Amino acid sequence: MLTILYFASVRERVGRAAEELALPVGVADVAGLLRHLGQRGGAWEGLARIANLRCAVNQQMVALDSPIGDGDEVAFFPPVTGG
Amino acid sequence: MLTILYFASVRERVGRAAEELALPVGVADVAGLLRHLGQRGGAWEGLARIANLRCAVNQQMVALDSPIGDGDEVAFFPPVTGG
Amino acid sequence: MHVRIQEADFDVGSELTALRRADPRIGALASFVGLVRDVSGGSGVSEMHLEHYPGMTDKALAAIVGEALQRWSLLDVLVIHRVGRLLPTDQIVLVAVAAAHRAEAFSACAFIMDYLKTRAPFWKRELTPEGARWVEAREADDRAAERWQQPGG
Amino acid sequence: MHVRIQEADFDVGSELTALRRADPRIGALASFVGLVRDVSGGSGVSEMHLEHYPGMTDKALAAIVGEALQRWSLLDVLVIHRVGRLLPTDQIVLVAVAAAHRAEAFSACAFIMDYLKTRAPFWKRELTPEGARWVEAREADDRAAERWQQPGG
């Protein structure tokens, strides 16, 4: 099982803050997960094309080619703007 | 008339915090005033030889070759150590 | 080292006093407060909402502070970041660094702010006369963070 | 712009609140507090006396702040420096800079401290187990001040 979280403008775009998803067959990294989510169509198709999309795996910011596995928490969000 | 002020270790060295002095004949700059004061002998002789002696004329830090004239306030002190 | 995420406001004076806790090794206390401005990108801002990633936020801030503690000789560090609804003039963030000497305190305080701005999962949404909008990340913040990766940074 | 020389202690929290005075243009407030340490050059310090040059001190600090206001876009600046007898953990100096953005606030705050350390007429005398002694000026402070004369400083 994956926990997937969406924050800020990304959350608004896909209309969802969080979901649980069984690790899809053949998905081994963040980019693969994005391709899988894109198959849902609509706003999900554009997810991978968001300029500067950021990703965290298990609450660590990582590159989109980083590996993911069962039990991971994966989060998608725009560049941060705190402070 | 000159007002001459001495601060910190320089004040302790010459044993004086302030004095009024008629502008000595032939004294036109700070270095000249130091030579004049040195004629007093004792601690005064060493004044011009203090490493890093600092000087202010009319409450502005200046180099030792800066001109002075009647009515000026001249101050001698070591490098500052505030903050 | 203290990191706090909270909706409530904070009192800078009492936070700095607590950080110093009368430790006679501390010769320098550098601090920074970030505040909500009433303009942003040319538009008036009437309020702001700060979203974050609970769970990750603490870890990200602790990692940034940990890196500062490795880079400089510091005696203590405090980071407080607010979330939720904020109004112009409200305090957003406090970073305070105690050290023996000022060079370390200043550098670490600026470093923590630069890294926080580019690595901690907070997002600002502003309410303007043209409607609500997400604040765009600033190129200048990326450059500010990158300078710490240069030799001598 | 506010410059104060005083024997009395100051309250950082209320000073910073007064400096901000709820001005919604202020996005960044950088501040520095210098404190009396209980060691100096390897010796214990039991107390310190801060002498200054009345009359010149205000002018020197105002000139330093004026130069900061010319170099950076700042909204307000406060400098408080204490004189007289001080004990370890006592506050010596407060420099606070308000600006729209943090880069200006940080730079101006560090600049004012570096110039204050080398240009404002204060002298510290420490009481140590070996007796009273005047604090020596530090080479590092001269270098810190000189960096602002480099291009890009």
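In this document, chain identifiers A, B, C and D correspond to the written order of the chains, with residue numbering beginning at 1 in each.
Operating definition for what follows: a residue touches a chain if its C-beta (ideal position, glycine included) is under 8 Å from a C-beta of that chain, and two chains touch if they have at least 3 such contacts.
Small disclaimer: the values here were computed from a predicted structure and weren't measured.
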Pieces of the assembly without chain C, by contact: A | B, D
item	value
CA centroid of chain C to CA centroid of chain D, Å	22
Separation of mean Cα positions, chain C and chain B [Å, integer]	48
Distance from the mean Cα position of chain B to that of chain A, given in whole angstrom	72
Two or more partner chains touched - positions in chain A	83
For chain C, residues contacting two or more additional chains	34, 102, 113
Chain-to-chain touches, reported pairwise for every pair that qualifies	A-C, B-D, C-D
Residue ranges of chain C in contact with chain A within the complex	34, 50-53, 55-56, 59-60, 81, 92-93, 113, 116-125, 134-138
Touch list for chain D against partner chain C, complex	11-14, 16-17, 20, 22-39, 88-89, 100, 102-103, 105-106, 109-110, 113, 140, 144
Contact footprint of chain C on chain A as seen in their complex	5, 7-9, 52, 56, 59-61, 75, 77-83
